[in-house]
Each structure stands twice: as structure tokens, then as C-alpha cells.
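Several structures are given next for inspection.
Shared between the two complexes below is subunit A, which has subunit B as its partner in the first and subunit C in the second.
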Partner chain A sequence: MLLRHTTKEVRERTALTVNPAKTCQPVGAMYAALGVHGCLPHSHGSQGCCSYHRSALTRHYKEPVMAATSSFTEGSSVFGGQANLLQAIETIFAVYEPEIIAVHSTCLSETIGDDLNQIVNKAKDEGKVPFGKYVIQASTPSYVGSHVTGYANMLEAFVKYFAEKTNEKIRQINLLSGWVEPSDMRELKRIMKMMKVKSVLLPDTSDVLDTPMTGKFEMYPKGGTTIPEMVSMGDSMQTLGLGEWATTKAAIMLDNQCKVPFDIIDIPVGLKATDRFIQALAKAGRVSIPESITEERGRLLDVITDMHQYLYGKRVAVYGDPDNIIPLIEFLVDMDMKPVYIVSGTPGKHFDSRMAEILSERVPEAKYKNGPQADMFLMHQWIKENPVDLLIGNTYGKYIARDEKIPFVRMGFPIVDRIGHSYFSTLGYTGGLRIVEKLLSAIMDKQDATCLEEKFELVM
Partner chain B sequence: MNEMLKGRKSQIVTKGHDDVAIACGKASIAGSVSQRACVFCGSRVVLYPIADALHLIHGPVGCAAYTWDIRGSLSSGPQLHRLSFTTDLKEKEVVFGGETRLYNALISLIDQYKPKAAFVYATCIVGVIGDDMEAVCRRVTREKGIDVIPLMSEGFNGTKKDGYKIACAALSKLIGTDQTSVVPEHSINILGDFNLAGELWMLAEYYRRMGVNMVACMTGDGRINDIRKAHKAQLNVVQCSGSMTYLAKDMEDKYGIPFMKVSYFGIEDMSDALYEVARFFKSDEMMQKARELVREELSKLLPALQEYRAKLEGKKAAIYVGGAFKAISLVKALRLLGMKTVVVGSQTGNQDDYNLLKELCDEGTIIVDDSNPNELSEFVKQTGANLFIGGVKERPIAFKLGLGFCDHNHERKEALAGYEGMLNFAKEVHASVCSPVWKFMK
Partner chain C sequence: MPNRKNYINGLPDPSTLKEEILKKYPPKLAKKRAKGLVINDPNLEQEIMANVRTIPGIITQRGCTYAGCKGVVLGPTRDIINLVHGPIGCSFYAWLTRRNQTRPLEGEDNYITYSFSTDMQDENIVFGGEAKLKEAVREAYEIFKPKAIGIFSTCPVGLIGDDVHSVSRDMKAELGINIFGFSCEGYRGVSQSAGHHIANNGVFKHVVGLNDRERVGKFQVNLLGEYNIGGDAFEIEKLFEEAGITLLSTFSGNSTIKSMEYSHTADLNMVMCHRSINYIAEMMEEKYGIPWIKVSFVGAESTCKSLRKIADYFGDADLKAKVEEIIAREMAKVEAVKSSIRPKVEGKLAMMFVGGSRAHHYQDLFAELGIRTVSAGYEFAHRDDYEGRKVIPSIKIDADTRNIEELSVTKDEAHFRPDLVEKKAELVSKGFEFKDYDGMMPDMLKNSLVIDDVNHWETEKLIEFYKPDVFCAGIKEKYVVQKAGVPLKQLHSYDYGGPYTAFDGAINFYVEMERMLATNIWKMIDAPWKHESELVGSMTIEA
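Presenting the complex of A and B:
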């Protein structure tokens, strides 16, 4: 029992987080910046931060993750990190030749009062930023929000810096993606193509963090949203933000700066959220929904019908980031499952109301919590009180799954012990099919392995 | 890459071409894509394997999240070290201080888990907001009656090596606090083994077969009560010299315990590690037993290695690891497999290590300190390496380049130390270098 230390009684904790269901802002900023073509993320802080974030992303994607650091020393913590960042900008453009340096701050640089705007402007004034190259910056102190807000802040920085309003509207929409996998970004683009909606997807980590093996190391792989694409976002007809936590800030920025109206909807996970996404796309792009999309929906529905008896009433525990788990929980309820325990380390006041809206009628017994102390320890205590049939979340759930012998489906960030997330999307109707397949396999594998001999079934 | 990082030149030498000594121990240049980590990381990885202690990270959530169970240090008993505890500091504490939060967290953790001791790690921000962590730890020590040891390991306060030093100082506070236990004759401490994939258990068994008793390992499969009596050993055997030499020197000063540096990688170094201990105790019987052990192990190992050597003969390797001392053993171990080292570097090597490497390597070998992905991939291309040995961040780069890879860092899955480890190493290198997948690369 790896988690033999988890007590069954839930005690109030205020000062302590045990086994966090989140991590800090800068890693989100780094991930978002990797979804822009030719962009080198830069961590303005101690060396360890950059190293940890790169390792975390490398473990999840099994891809090289490039990012630079200001390499703070004791001197920088006293005198400020300006000299480090100025030198860094010069070094990076000379040696690594990115199009863009996307600087994010850390708890250290924020607390000592470094003003990124001022330092970046100084770098420009001193001619340290070559012509046609860019430095942008986002404030991402680790003691605020979570990895999700770091991602949101970096997206905002990109549109703030690049989106331009001319007087010519372009018949395209902006699609701001929440934190999803490269496979999901690819799927979003496929759906857009099927719908014949011209769009700019920001960020886009496909072809960056799922690159083919070629025998060459590419510092800047071919994927990522390009600068001209980002510039054109200011002239788009509309913005669709997928995920309130990750995309609201950038959507508002585009509205304020370029008067592009926006809608924030859920990431298209499962049936209803994908319905809303497709409808929003049809409306924003002024297109009708093609037969091929309707057929995909029908296939998902068909499988759910076929397998309903194995899904019905199953108690599920879910943890992860709000944008991703809100539509997932809705999907589980739609399939007649019972998501009974839900935690998310990311703070945000709408979480409770969204959960209540989805759960109060169909799963009134559900317990949910987000923000500080909404951690894996609490989740485990709930499960010990009253077990579940299925656990869904990132790799860190494997301790609980093993100790409590619960079928476990990996979704979220990070997944460091299985593959697939980079290549097989869980978005849209087709992605929904994959989710159903994964849930069923986990549940039915356990049934096959543990049921009584006389109950063992060939046909299921 | 059209330009090498300015100021990096002195940290790269090619044997046979450059006669200058390599520069090392320098802070990384701002703006480099360095593979290095920070002070906190150094302290955290060194103490992490102590399984019955509480490890609390005082800071915002990230530093705890990224170091949650990432090191494959096995414990034969408690698993408390594999949990992640953090004070999860927020804006409020950054403004008003986090001392109360730290105090409350410690009290509730100690009440709940009853650890044998507690380590509290300072992260960057603690150094800046001015929490008096030492005072809080003193207070909790008084109130709870267990040692609560603060580590002033703010990330910016030097390099990873400074983190090792801080961890050693923390261990030093525990050592000597058990005056009553008696240890047998011929007792040693093993320093700098972290029981990755159970390596320590193998080593301790070798020593046991020679009649040598282990008092404490610092810190693999570590226990607080063993560390308290570590001063009763007659000898400290130090591996991974980068992290534990500070402690060995400290124990020599305080308790007069001599130390020897060893390495457990490869046949020669492993055998020397046994012989040297027997020599130290001036026991013919022990030496006899060590020889028998080596003979017995080699009689199993050498024939088994042949199969791999035959396939690997003449292949070339690039090495980039944390400590340079490890790199030295790797060069020798690769040689035993018939492989030549063409690039070798480390994050934290010192002058002595690099001199040794230079002596050991063949003409033309590139030796590098604090490298980055561009340089490494450039060197690999230049030298035509077939294998890369490194850690988590280097693995996908090596694979993209079409090279075999062996993880010689925290994420190793098989024991690589000792005689069995040598065979595992050969198997791993062979599996990766001779994988059929490389044939499909265009």
C-alpha cells in the first residue's frame, strides 16, 4: 500500500497541500508558447524552474522541449533580474535564432519586483531585439492561480502583442484553444476543415510536440501558429474561446483591442459540449453542418446505446483542470454514469456553479471541490469512505488506483507512464468514441479479471 | 547553429587539440538552454530517499509538484518520501509572510505521520519574503520533540552543487545524535548511493559477503536512526563524489572518520571499491573473501558480456550526465563493451574530474561542461556517435537524432551498479543501439 498514510476521516486542512492536483503557472506559459511557430519560451527566474518545466513537459510528450532561462543568481535576487534578461535576449537571438522570445516570470522575479514590460522595452531601445524579431512577456507568478492560469496569461500576451485591426475584416474566426494535447489541436483543425470554416487556431502544438522521427533535431519544428496568423486575428469575424479558464483573458483582449466579439464555450469533450461547439462554429462561420459531422455524432450515440448497460450507474472519481473536466463530467452524466467525486487544484469561482448545474439533479450525492486543498489526498479520503468503480485523471492517480484496486483511465496533464494522448484525440464526437472505449475497456477488463468463474462472460 | 554561445568556448575542449584546462563551476550564461537545475533541486534529490522522514517544501506549489516521486529511490520499508507535501504559498503569504502557514503545516503533518525527523526545504521565494524558517523549525522541534531541520536551499543561491552542500550540512546535524548504539567491528557508511532500482541492496550484500557491516547509507533506503549513529563507522565509502564529499570531509573533521572515493559502475571500479575497503581494514581474510567474490561474479558476468560486446565493438558513445565522476566510470564501462567515448560532459564536474576524463579518453574526444541541446546535437553529429547516455531531457533529443539511449539518471529502470548492473548496462546499451527501429529511418 503506497498510500497507506491516507486516513479515512477527512480532516480540515488549511496550511497544507498533500499530493497536489495542479502545478504552477510558468509551465502553462511554456506550453502555450510552444504552440507558436519559431517561438522560444524563456523563464525569467532561477535555473531550476526552467529545468523542471522542461522535464515535466518532456516526460508528458516524450519530445525535446526547448526553453531558455535567465539563470538567476544571488546577485539578481538582490539587484533585480534586469541585467540577466537583457543578456538573455541578446544571447538567445544570437545563438538560437527564434522568431519570438516569449518571456514568462516566476515567483522569484515577481517578488523582487522585476518589471518585464520595462525590461523588454529597454532591450528594444538598446537594439538587442533584431529587426523582424519579437519579445513578448507574461506575468506568471507561481503563487497565483495554477498551470492553467499561466497558460491563459501567455495566450493573452500573444494576442495583445500580435493581433492587429485593419479596416478589412477577414472571413475567418479565431479559435483559442484551452490546454489540450497536440492530437486534440489536430482534431480541431480537422473539424474546422470538415465544416469549411476558415480559422486561426492559437496555440497549436501539433507538429511541435508530436513530431516525426527524422534523424534530425529541429529546434523549431514546423508546427505552431505563425506570426501572420496571429496578426490577422485582429480582423477576424469572431473569437471562440474553448475553455473559460484558459481562454477568457485572450478573448477579452481581442475584443478590447480589435473589437472582435467573442463567445466562450467548453472544450468539445463528449456529446453535448461538441454539439455546442459545432453549433457555435456553424453560427460564427455562417456555414451549415455537413452530413459527415452528423454521422460522426450518430456513431458516438450508437456506441453509447450499445454499451449503456456497462456504463449505467458506475461511480466515477475525476480530477483535473476545470476546462477539461467540466465537459467530461457532463459527458459522464449523459452516459448515465455517476461522477461522485471531483477535485481540481485550479481555483476559480465558477467551478462550483458549473458542477451544481451539471450534477444537482442527476447525481445529487456528488462531492466536488476546487482550489487550495482540493488535492489527491482529499480525493483518496473520499474514495476510502465510499469506493468508486472508475478513476479518471492524470498519472498521479495510479497510486490510488493501485491501492484501492480501481480501474483507471488516464486523462489530463501530466501523463508520464502511458502513451497515446499525443496521438489520439479525445475531442469532438470521434474523440468521444475514444473516451467511451477507454472507460469501457478499463471497467470490463477488471470485470473479466476478477469476477467469479460462474459469472465470467464470453460475450459482453 | 551558426555561433557557439559566447563565453562557452572555455568550457569545451577536444583532447589532442586544446591544451588548456577546461573552465567549470561557472554559472550558466543567461539565455542559454541549459540542462542544469537549481540549489533546491540539489538538496531535494540528495535527501529525498530518506524514507521515514517528512519532506516539506515551503513555497508555491510548483517546486513540490515537480519533485513528487520522480526519483526511483527504493525503500524497503516506509514510503513517506514518495508523497508530496507543500505549504502551497499564495499571494497573501508572499505579502504577509508564510511562517504561520509553515508552522501549522508542520504541526499537522507531524501529528498525522509521526515521522522520525522532518526536513523543510526553502524555495526561491522564501529567501525573498524573509520568512525565518530556522526559528519556526526550532519551535516545532521544541514542541514536538523531533528534529525539524531547515534547508536554506533557495533556488537562486548558487548551483545544484550548493544544494548538495546544504543537504550534507542537514545530515551532519543528525549524525552523532545517537551515542548509545553499538556497531560491529568493520563497519562502514555508504555515501552517495541513492538505491536507484535497488542498487544499494546489491552493494550492501557484496560488503556483507566480505564481512563488512553497513551502519548507514546516505541516503539510499535511508533511515533517520541509522544516520544518527553513522559516526560510529570506521570508514566512509563515497560514491557520486559531487554530492557527498562535503559530508565525508565534515565527518573526517568531526569524528576522524577517513573516507575513500569509489565508483560502482563497471568491473574495474566496482572491484576496486571492494578491495580498497578490505585494504583499509588490513584484513587478509576480508581481502580473500573480496577476491573470491570478484572471481565468482566475474565468472558469471564475463561470458555473459561477450554476446553484447561482439555486437557493440567499435560503436561510439556520447555521455552527458550530472556528475563528472560518474562519467569517468561510464567511459571505462563502455570500453569494456568495446565502445569508444567520443563526447563526454557533465552539469557539475570540477577541474579534477575533467583532468581525469581528459587523461582517460582517446584523442579527439570532446569534453564539455554545462552543455545545451544545440551543442550536444552538433557534437553528436560531428563525431558520429551511436549511443547517448544522459537523463530525461536528453532522451527525446537522442531519439530524434536516431541514436540509441541509456538513462543513467533518476529514471533508470534497471540497476546499473555492481556486476549484475554491468550486465544490465550491457543489455540496455545493446537493446537501444541495435534496435531494429533504426533500420527504418530514412
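Presenting the complex of A and C:
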């Protein structure tokens, strides 16, 4: 057994986290900053932070992930990291020539009280920021929230720094993306195009973390939201934030700073969340919904009705980030599956109410928890108590899946043992099809591998 | 472009490359980096700048002290709970990412698949996290009943004044199991290296010597600095078992805490990764009189050499005969594979930038295939790993090194082995070398380029200048280099392959190089129409 010490007896824990269903803020800030064109993320802390975050993102994307570090030593930890960051800014512009340096803090620099804003201003005053280049900063203490919080804070920093309100409105909407894959960002753009809604997508990691093999390394790939696009966001008609956890802060910032009204909706995962997304887009863009979108919806529904018998009543355990798993859980319930165990390490009080809303009538037996000690160890203990038919989450679930012989579908971050997430979206109706295909394959492969020989089916 | 006239050993003179690299840097940085890039001449005593701070802003390969302590040294031991005191990330990122394989027996403890953290929150930072840490230790004990718990400090811990050592003492008294702490905050040193030293100190202080086990074999040894990535240690264990050498403890691949407790009953310590573990070897010699030798099981030739050296040390005729028998049998297999692969890859160029020993050890494996190393360097090594242990007395102790505790070790009269001291003296008089690490540079070709703490800019320039056939580094470099059309072999994780140690490992590596170097896939990057003239169609769809 891989997880041989996990037993079904749950002992209440108040201090110990085992097998977390989250990681820390800075990696989210780094990922968000990679979705801006010509931007080099910078980690203001020890070298290890930057190294770990780059490694995690690289394993997930199998793509170059470039970022720099302030390389703190004991001295900087005692006397403050100002000298390190000033030198870093000078070094980075000289050697790596980005358009933007996006600095995020770490638990170390936050604990010693480094004021990023003041240091960045000092760098500007000292002429360390070349003309036409930018340094922005986000406070991302690792001991608050989770990786999703760091993503949200970096998005907020981008719009705070760049979005400008002039007197002329632009007939476009801002689309703030929650933490999704490059393939998903590409899909969002495809949907906007089908809907004929002009928009700015922030961030946009397509063509950054899914680049083609060309024989030439590009430090700053062609993708990413551009500076003029970010500037224009202040004049947009409306902001749509996809995912409460990841986008609310940036949406509020745009409203406060540039008076762009906003709506926060779910990431379009599955049927109903995509319905809401399409309707919100139509409303915000004042466009009618094209037949081609309705047809995509129809195809998704067609497959679900065709294959409903294999999904009906299946008990599922899900772990991941609130923005991603809330619409996913809703989708599972819509297909008459039973998401019975749900954990997310990311705190946030709306998680419970959203879960209750989706589950209380249809799956009253469901157990869910988020925040401290809402970890994969707890979820595994619940599974030991009463097994499930399917497990959905990041790669770390494979240890549980193997021990408990549960079909496993990889969704979330990080996925470090399979490919596909960068290239095949799980958003929108077409992405919903992919989710259904993955769920069915996992469930039906297990049936094929384990059923009695006389029950082995050719046609399914 | 390299000037073909200045080729020595088939290697171009890299001085123009060095100049070009330095030209891009601000003056202070250029001055510092100039000392970290050395055009090698094995006949000269050249000095390289190593184990110094990376300049802020530089995209470095390096990680932190915590990574070296928890991730590298303690991580591979299966039956200890490694509890990380800090915000969640540090424990999350070190969770199963280093591929330390382990083989617990049925019913034996194995916590390697788990990640344990106190998940510090802002209130713990403001009001202190010791109470939460104590409670986490209690919870870990009650749920898992481990034999030992190690507590690892992350950056904020030292800054807010949490004392992991006093918490460890208190909890050890309360729970009655071995509990010890490490002050391995990420910022402690200039790289992972500081963490190795801190881990060595902790294990030596709190674990080694706790169990005076009776002898179980005629030749009792420890293997230090082998972390069983990809199953490397399994290959070596297999060899020792067949030869009749009793491997008491490995620090720390496929190891248990218990085995470390009786490691002081060994007759010989063998050091694989000099950088990460030489401290324990030195301290064990001082305290218990156990001599140490440098070994390497990377490469078939190195494996033969190391096996013979161990046999020579024990001086036992049967052991020597057994070792020769194994070598003869295994080398026949090795030669068969090598002779079929070598013609396909001979003459290719490799470069490698990893670790504190692999960038050296792997040159042997490449050489067996006739692949030359044009440039190499370490990520976190010290001058002695480049220039040999002879330079240790002349290494300047800077502020960053002074931060790390040097344990003062005294002779343990009850356990000291005067017989081993005598044996060592006798062998030395016959020319047998102990503590024999001469470093990487004397083994590298003249005109090769040695680079300490290579960074992203230098990596790009190296590829442009040398156009190597294979580049060896880690996950962060992997796709950067491959996007440039050069295959990269990860020498930290082995790209999820391996093992590459000993004889079977060498064969695995040869086959892997055949796969990487003889493939046509890199030649298909350009689309067939790339060099065709563009046609303007008359049947294009109007938008």
C-alpha cells in the first residue's frame, strides 16, 4: 500500500495538515504573471520559493517557466530585502530585458515587513527602471489563503497598475479568467469570437505555456495579455470575473479605479455554468447567442443522455480549488452523479453555502470541507469509511486511486504525470464533452478490466 | 562562432564565449561571474569561485537551505515523519518530487508518500507558532505512532523566534520517541548546500550512535550520499549483497532511522555525493575512528574501481576474488551493450550542470560512450568539489558559511575503533588513499569550460556557442533547452527513468543515450514547406 498509514478513524486535527489540497500564494502570482506578454515574474524571497514554483509549473506544463528571485540570505532577512530587490531590478532589465517585472512577495519578505511599493518607487527614483518598462508588485504572503489567493492578488496588481480610465468608453468587455489552463484560455477566446463579443482576456497563458517546438527558445513567447490591452480595460463597458476566489479583487479594483461595473460568475465548467456564462456574455456584449453555440450545447446534452446509465448514481470524491470544483460539482449533480466527498484547502466562507446550495437536496449525504485541515488525508479517510466509484483531482490523487482501486480522472493543479490539460480545454460545452469523455473512460475502463467474463460487453 | 584553429582536444577555445557572456552583465556582476567561469587546464592549479551568493535577479538553478535539508538528506528515509513547520508551500513542493524510491517490508512504516505541515497562518506569524507546532507533533504521534519525528524550519520560523529545538526536546520528553529539529530556514545559506550541512549535523547529533548493534557481517560498511533516485541505491545494494559486503546504512536512500542509529558500528564509510554528506563522514571518523573513502558507482569503470577499492581496504582474499568474479561477469554484459551503442553516439558533445557531484560522476558514463563533456559545473558545490579536498584549508570562510554550525566532535572512547585507525595508517603507508576526492576539474579536458552556478543567460549562450548534442540539468532547464532543439537529460530526476548506477544502471544509461541521441525526431522540427516559396491562393475563404 502506498498510503499504508491512512485509516478510516478520523481524529479531529487542529494543527496538523497531511497531504494538502492547496499550496501557497506565490505560485499563483507567478502563474498569473506568465499570462501577461513580455512579463517576467519575480519572487521576492529565498531562492527556494522561486525554484519550487518554477519546478511545479514546469512539471505541470512541460514548458519553460521563467522567473527570477531576490535570492535572500541571512543578511537580507535581518536587514530587509530592499538592497536585493533594487539589485534584482537592475540585473533583470540588463540581462533578461522584459517589458514588465511582476514582483510578488513571499512569507519571508512579508514577515520582515518589506514594503514592495516603497522599494519599487525607490527603484524608479534611482533610475533603475528603464523608460517604457514597468515594475509592478503584489503582496502575496504564503501564510494567508492559498495559491488561488496569490493568483487573485497578482491579477488585482495588474489592473491596478495598468488599467486607465479616459473619457471614451470602448465597446468591449473585460474577461478576468480564474485559474485555468492555456487550452481553456484559448477556448474562452474562441467562444468570445463565436459570440462576436470584443473583449480583453486577463491573464492569457495560451501561446505562453503551450508553445510549439520551433528549435528556438523564446524567453517571452507571443502570447499573453499586452500592456495596451490592460490599459484599455479601464474604458471597457463591463467586467466579467470567472471565479469568485480568483477574480473578485481585480474586478472590484477595476470598478473602484475606473468605474467599470462587474459581475462575478462561475468558471464555465459543465452545462449550467456554461449556460450562465453564455447568457452573461450575451447580456454584457449586447449580442444574441448564435445557433452554433446552441448546437454545441446540444451535442453535450446528447452525449450525456446517451451515456447517462454509466454516470447515474456514481459516488465521486473531488478535491481542488473552489472556483474550479464548484461548477464541476454542479455538473456532476446535473448528470445524476453523487459527489459525496469534497475538500479544498483554499479557505473562503462562501464555499459551504455554494456546496449546500448544490448538494443539500440532491446529495444530502455529501461531506465537504474547505480551509484548514481540509486535506487529502481527510478525504481519503472518508473514502476508507465508505468507498467511492470515482476520484477527481490533481495528480496526487493517484496514490489514493491505486490503493483503493478507484477510477481516477485528473483535473486541477498540478497534473504532472499526464499530458492533455494544456491542449484540450474542459471549459464551455465542448470542454464539458471532454469532461464527460474522461469520466466515462475511467468508469468504463474499470468495468472492462474487472467485470466477470460473462458480463464483458462489446457494445457499451 | 568558435574559431576552429584554436581547437584543443576537439574543443574550441571558449574565451570569446566567456567575453560575450560577461559583456551583458552590469560591471559588478560581470566581475563576480568572471571568477565562476574557468577555462579548464587540468595541468594548472586553477581557482574557481563557488559557494557564493547568487546575484539577486539572476535566473539561477539553485534552491534553498530547506530543500537541501528536508528534501535531499532527510527526505529519503522512510520511517520518520518529516514535519515541516511553516506555510503550506514548503511541504507541498517537497512532497514526492525527488523520486526517492524505497522498499518497506509488509508492516514496516513508510511516510515518504505523505506530506506533513503545520500550515502556518497569519496569526501564527504574529503570535508565534510554537503552540501549533507542539499540537501538530501530538496529532502526528497519536494518528501515526512513528518511531521518530523530524521538524524542519521554513523561512518565517527563525524570524518570529519559534524555537524548534526546544519544542523538540519538550515533545520528546512528553511522547517518548526521538524528536529533533532543524534550523534549515530557506535563507540560511547561499544554496541547498547549507541545508545538507545542517541535516548532517542533526542526524549526527540525534540519530547516529543510538544503537550498539552486534556485528552482523564480516565487512560492515555505510554508503553516504546516495539517495536512491530512480532506484540507484537498489543497484548498489544488489552488488554488495552478492559480494558479501554488509551495508549497514545508506545515508539516506532506501534507509530507515534505525539503520542510521547503528551506522557507527561500520568498518568503513563510502562517500558517493561528496558535497552533501562529507560532513558526517568526517565527524564519524573523528568520533568513532571510521575511515572514509570516496567512491562512485556512476559508470561501469567507476563501479569496478570502487568495488576493488573496498576489497583492497578489507584486504580479504575471498572478497577480492568475489569482487573480480562479479566484475568479470558484469563487464561482459556491459561491453556487449556498449559496443553496439557506442558507434552511434561516439564523438557527440555533452554538457552538464547539476548538483554537487553528478556533474562530475556522469562525465564518466558519457566517456564510456565516447561522448565528450565540453562544459560542466555544479549548482551548489564548493571549491573542493571542483579543485579537490586539498584546497579546503585555503577556502575563505565568509559570513554565509559562518552561519552554519560546525559541530565540535570528540572521540567516543567507548565506541572508538583504534583497530580501524591502525588499519588506515598501515594502508596509507602502502599508498592507499583515504578522503580521496580530487574534484571535477582535474578530470576535465583542457579547453573545456567549467561554470559554477550557471544561470539562464549563460545557458542560452552555451547552447548557441557549442550546439551540444545533449544537455544535462534539471526540470527548470529541461524545456528551455529542448525548445532550442537540444535534448535535455534531467540528472536530478532522470526524467523518471533510471537506475543509472552500477553495471545494470550503466547499461540503462547507454540505452537511454541511444534513444536520445540517435533519434530523428529533432530533425523534423522544420515543416516540409518551410523552405518553399509562398503561394497566394485564389480559392481562399473570404472572412
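Methods note: the second predicted complex is superposed on the first by the 460 of 460 C-alpha atoms of A that agree within 3 Å, B and C clash if a C-alpha of one lies under 4 Å from a C-alpha of the other, contacts with A are read in each partner's own complex, and residues count from 1 in each chain.
Throughout what follows, a residue touches a chain if its C-beta (ideal position, glycine included) is under 8 Å from a C-beta of that chain, and two chains touch if they have at least 3 such contacts.
All values reported here derive from a predicted model rather than from experimental measurement.
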Kindly say whether there is room for both subunit B and subunit C on subunit A in the superposition, answering fit or clash. clash
Which partner does A:362 contact after superposing on A: first (subunit B), second (subunit C), both, neither? neither
Go through the superposed model and pick first if A:190 touches only subunit B, second if only subunit C, both, or neither. neither
Could you say whether A:52 touches subunit B, subunit C, both of them, or neither, answering first, second, both or neither? both
If we overlay the two complexes on their shared chain A, which of subunit B and subunit C does A:133 touch? Say first, second, both or neither. neither
Is A:434 in contact with subunit B, with subunit C, with both, or with neither (first, second, both, neither)? neither
Name the contact category of A:160: first (subunit B only), second (subunit C only), both, or neither. neither
Clash with subunit B: which of subunit C's stretches 98-106, 422-430 or 530-538? 98-106
From the superposed pair, tell me which subunit A residues show up as contacts to subunit B and also as contacts to subunit C. 2-5, 13-20, 22-27, 42, 45-49, 51-56, 58-59, 62-74, 76-77, 84-85, 87-92, 94-96, 106-108, 111-112, 141-144, 146, 211, 213-218, 345, 372, 396
Which residues of subunit B touch subunit A in their complex? 1-6, 27-41, 59-68, 70, 79-80, 82-91, 93-94, 100-105, 108-109, 112-113, 123-125, 127-129, 154-160, 373-374, 377, 392-393, 395-397, 399-402, 441-442
Mind pulling up the subunit A residues that touch subunit C in the complex? 2-5, 11, 13-20, 22-27, 42, 45-49, 51-56, 58-59, 62-77, 84-85, 87-92, 94-96, 106-108, 111-112, 141-144, 146-147, 211, 213-218, 345, 372-373, 377, 396, 399
Which residues of subunit C touch subunit A in the complex? 24-26, 29, 53-67, 83, 86-97, 104, 109-111, 113-122, 124-125, 132-136, 138-140, 142-144, 154-156, 158-160, 185-191, 399-400, 403, 456-457, 460, 474-476, 478-485, 525-526
Complex contact set, residues of subunit A against subunit B: 2-5, 7, 13-20, 22-27, 40, 42, 45-56, 58-59, 61-74, 76-77, 83-85, 87-92, 94-97, 106-108, 111-112, 141-144, 146, 211, 213-219, 345, 372, 396
